[in-house]
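The structure under discussion appears below in the form of structure tokens.
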Amino acid sequence: MKNDSMYDLCWSMFKYPRSITGDGVRKTLRHIKEYLPTMNIHEIPSGTKCFDWEVPKEWNCHRAYITCPDGSKICEFKVSNLHVVGYSVPVNDWVTLDELQKHLYSIPDKPDAIPYVTSYYEEKWGFCISDKERDELKEGLYHVYIDSEFKDGSLSYGELIIPGDLSDEIFLSTYICHPSLANDNLSGIAVTTYLAKWIMGLSKQKYTYRIIFVPETIGSIAYLSKYWKQMRQKVIAGFNVTCVGDNLNYSYMPSRNGNTLADMVAQHVLSHLHPEYKTYSFLDRGSDERQYCSPGIDLPVCSIMRSGYKDFPQYHTSWDDLSFISREGLQGGYESLKAAISCIEENWYPKVKILCEPQLGKRGLYPTRGIEGHSKKVRNMMNFLTYCDGLHSILDICNIIDVPMWELSILVETLKDEGIIE
Amino acid sequence: MKNDSMYDLCWSMFKYPRSITGDGVRKTLRHIKEYLPTMNIHEIPSGTKCFDWEVPKEWNCHRAYITCPDGSKICEFKVSNLHVVGYSVPVNDWVTLDELQKHLYSIPDKPDAIPYVTSYYEEKWGFCISDKERDELKEGLYHVYIDSEFKDGSLSYGELIIPGDLSDEIFLSTYICHPSLANDNLSGIAVTTYLAKWIMGLSKQKYTYRIIFVPETIGSIAYLSKYWKQMRQKVIAGFNVTCVGDNLNYSYMPSRNGNTLADMVAQHVLSHLHPEYKTYSFLDRGSDERQYCSPGIDLPVCSIMRSGYKDFPQYHTSWDDLSFISREGLQGGYESLKAAISCIEENWYPKVKILCEPQLGKRGLYPTRGIEGHSKKVRNMMNFLTYCDGLHSILDICNIIDVPMWELSILVETLKDEGIIE
Amino acid sequence: MKNDSMYDLCWSMFKYPRSITGDGVRKTLRHIKEYLPTMNIHEIPSGTKCFDWEVPKEWNCHRAYITCPDGSKICEFKVSNLHVVGYSVPVNDWVTLDELQKHLYSIPDKPDAIPYVTSYYEEKWGFCISDKERDELKEGLYHVYIDSEFKDGSLSYGELIIPGDLSDEIFLSTYICHPSLANDNLSGIAVTTYLAKWIMGLSKQKYTYRIIFVPETIGSIAYLSKYWKQMRQKVIAGFNVTCVGDNLNYSYMPSRNGNTLADMVAQHVLSHLHPEYKTYSFLDRGSDERQYCSPGIDLPVCSIMRSGYKDFPQYHTSWDDLSFISREGLQGGYESLKAAISCIEENWYPKVKILCEPQLGKRGLYPTRGIEGHSKKVRNMMNFLTYCDGLHSILDICNIIDVPMWELSILVETLKDEGIIE
């Protein structure tokens, strides 16, 4: 077990050549396993049917570059794995600039950014380049070289089950397929890893945790195709962990249903910790909630994010590097998700055991004389108790009385110990 | 079948002396029947009980005028049928100006407008006159002459049933009792006639159509008293067609329930085609929705209108003439109702046949590589599919994803053909 | 029976040394009984268990004062019963100013106000004094003297049951424990007394009335512990009558549920009579609704108030004296509660007996000719009828059509007499 930070974890895995399959993913999973030794790494063979999909051939890129007419090398894969379009077929050819242009991807609006492009399901090859560098290319013959390989291999993913008192599950999912992009989604990998570490360190927890590290889309679909029936029965709340590393904003992507326990908790946590947070529409979705919330699957999964995907200019470009995320950013994402999980762990339906208001004075819980109204603490206690009717959960009550759940933890324990609520 | 327009239809029927009974109504119905040969014209005899009401005696006015002291004739029925109070009893007398004044109706605020006044259920006679002309009347003896006739006749209405694949019905009702008033309600007659023509020209339609042309209030009550039981079972949506001819505004009068399929569709259509439309309260109702939505009848009937009744200064005056309506105005009313009917025809509850997102790439429905997000078309498709859970109708989904139903027609067909939804 | 006013009643009882038990309460109840001879005065012995509580010893204070070093007497109980902390233990001692200060209560922000302080459940003694007078106290020895007595006595309350046609009950509760404070709550006592007089004077009433005068908190708890089971079955609406005497504001404290008949009626009445009224949150509660609305009791009890408790600067100080309340203030509180009770008495679920609109003309209820729309009265009638579907109460309908219930009383009777509704 390393003694480093979430940021360091991002830093050390930044260069791994991740894709939806291949050795970059495996290397990433093995790195995570150093932190979470009980995590299992699974492989699903190429060609396996997963609902409407099929696990593709495994792709690995060993080397790639373009040699310019003047002999200089550009778009070197070893410099940045963003330079090669994901799942490019091999090529080793001499082409004119005109021909080359058909295989180049850049963003005119962001002249110094290398875009992130993939082509998983159409056979092609291509290079990603900054628009500025592209503009400077001269006429002449270019040597294009991609030493990539497709094979009947497998899709890799990590799965960690942490048993709790109940078989009901809290589900965490993050994706491991994006190459050198930091907020999207090394941040999600790092925060999920540290959340798992924290949960494993708890003396006891009520719920069982299902935590997975999968390639986006095909990975979550493949995983669901194996486990969706039991997950539908067991998962009471889940979070797709993504874009939790920058220090700019907080945001919330609802589940399709919009009103699940996960949604309620996410909104509760963010409204108290970061009331300026942005709420997206499910129509803006773009990550694995697309699968988890699809009709017939309908898992209660939402996302607590920092700057949401697609909504920051660095998104899917080389700008989303280690300078865009920060220790503070990661910590903020981590703390929010931790608070959400804690709220679920501590949520239940309290019911007063006493008709009318309890006599709190004789229990030392109430000021014995009243002048100028009660303190906020006493108001919270009285307000809390008046909704302990067995119909409102602690979370519901906290929303009604506008107090964060964590501020009432001790109070709830006390009231339980005093036999006032059950 | 004539080859003319809705406006021409209004023009040719403008002068017919319509009332709730009589030959003016029959002439109007026969004129409509030229366009809709399969429409049946029915007669309900005077004295027939209809719930709390009774079909009144049939009224016809043959001639009417006032001769002034100077021998000039005013308020001639043949000049404008608005001049005679509807259901005036016959009179042939010489009266002083003072006596005459008790029988004159004018609007001080609208000095050159002849008001539209009726007295169906109280025996009286009267003339409607512009306030300006009234002001100029001199002292003297006036000859008042109304050659009207009451007889045991009948109330006439037209009914057209267009069978569809289902016995479930879409109901259209318009009223034919107003004399020379254009927006209220020759426009409704013309638009309903052309909607019926359009429906009859369709190669096939899912629903059966019940289309009636009735005198307002007593006509709809008489019709309901015969058919309400089967209509309660069959009618899934209906529209009271009125005030659909001016080119100023669009508006919506809800059903009493406010949330029927007809209401949902009316709001969907207007919010996309004419987002500035006005929504009335059911408390502002004033036409046959009063009967269709009455307790115990409870049909899902609302109105899509241009300028709503009572809400334009021309309302119930001679100002509501052929210059107030226009080809564009009628077309706008027609198109909105047509869109509403089409939405109902094309509405159903789609359900994806595939768990998780379908692999659209292999079906050629999805761009094979992603850069800079998806096109609006692809977003619409993905958003549409994510709500195909069998619980949301296409209309519901279109409201959620904020797209007009007609923009998704081809997509829905494609997804059905591809076996993705059912 | 006296021939005086609510204000006079407050005036004559202002000085009675009320507390949660004792002779001041009994004197108050006997005074009320002069107005309501059929009211019963009950006693619950000290030590009686009431849910989580116990009726305390009976407390009476015979005499109390402080003698200053210069021989002058201050804080004399006979001058104002606010000077002695409620439930002070006896004392007869010489103390230094420093020692005395520990037993004095004043409000720096309100220098000339004597605060109202009690200490029911902690044994102590204390005096309440204006901050200004306190500031002027000189060093020296003070003689503190409280001749109070604790004994195994009883808690007193008044109960008046007025039988109606139904055993369903309307519940009124007011509290009688506050000493010389006028708005809080002599006003409540006076208004409740006069409401009871009015109800007893009615020729007949639909509901049975349960009206109680109890000490706050312990009194309502003690009462509930005896009667809660039958009250849960019978009480359809109730009001906690408090702070109804000043002439400044109107306000509404909801029940915990927030949507009971009592709440609906309170909001209906205030929105029409005093549309500027303030709505509190149940979180601001502070009187016996705390017990009536507690989980498991769940009575439909809310409050219609003038200036709400805790929300006027005079609250719980000597400023809340007879000059703060007024005849107009009390009358406004009384009229609002009377209107609320009348609305409940007159509320039922009307249903039209006729399909489609009734022919009102033949019954003389409808203008026989229409020009320029109908009068407001006719609109109200038609709007009322269109919601008489047996699913909406008269109160519901009045809320939909935005008319106060009392304006429709005659109409409802007429429609019933005409056999149009049942």
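By letter and in written order, the chains are A, B and C; residue numbering begins at 1 in each of them.
One rule holds in what follows: a contact is a pair of C-beta atoms (placed from the backbone, for glycine too) under 8 Å apart; a residue touches a chain by one contact, two chains touch by 3 or more.
Please read these numbers as outputs of a predicted model, since none were measured by experiment.
Novice: Could you work out how far subunit A has to rotate to sit on subunit B, using CA atoms and steps of 5 degrees?
Specialist: 120
Novice: Could the interface between the copies subunit A and subunit C be described as same, meaning over half of its residue numbers are common to both, or is it different?
Specialist: different
Novice: Rounded to the nearest whole Å, what is the centre-to-centre distance of subunit A and subunit C, using the mean of the C-alpha atoms as each centre?
Specialist: Comparing mean C-alpha positions, subunit C is 55 Å from subunit A.
Novice: Would you please write down the residue numbers of subunit C that are in contact with two or more other chains?
Specialist: Expected reply: no residues.
Novice: Give every residue of subunit A touching subunit B within the complex, in rising order.
Specialist: Residue positions touching the partner: 50-54, 85, 105, 107, 115, 117-122, 124, 217, 220-221, 224-225, 228, 256, 282-283, 285, 290-291, 293-298, 310, 316.
Novice: Under the stated contact criterion, what part of subunit C meets subunit B in this complex?
Specialist: Residues 351-352, 354-359, 361-362, 368-373, 379, 382-383, 386-390, 400-401 of subunit C touch subunit B in their complex.
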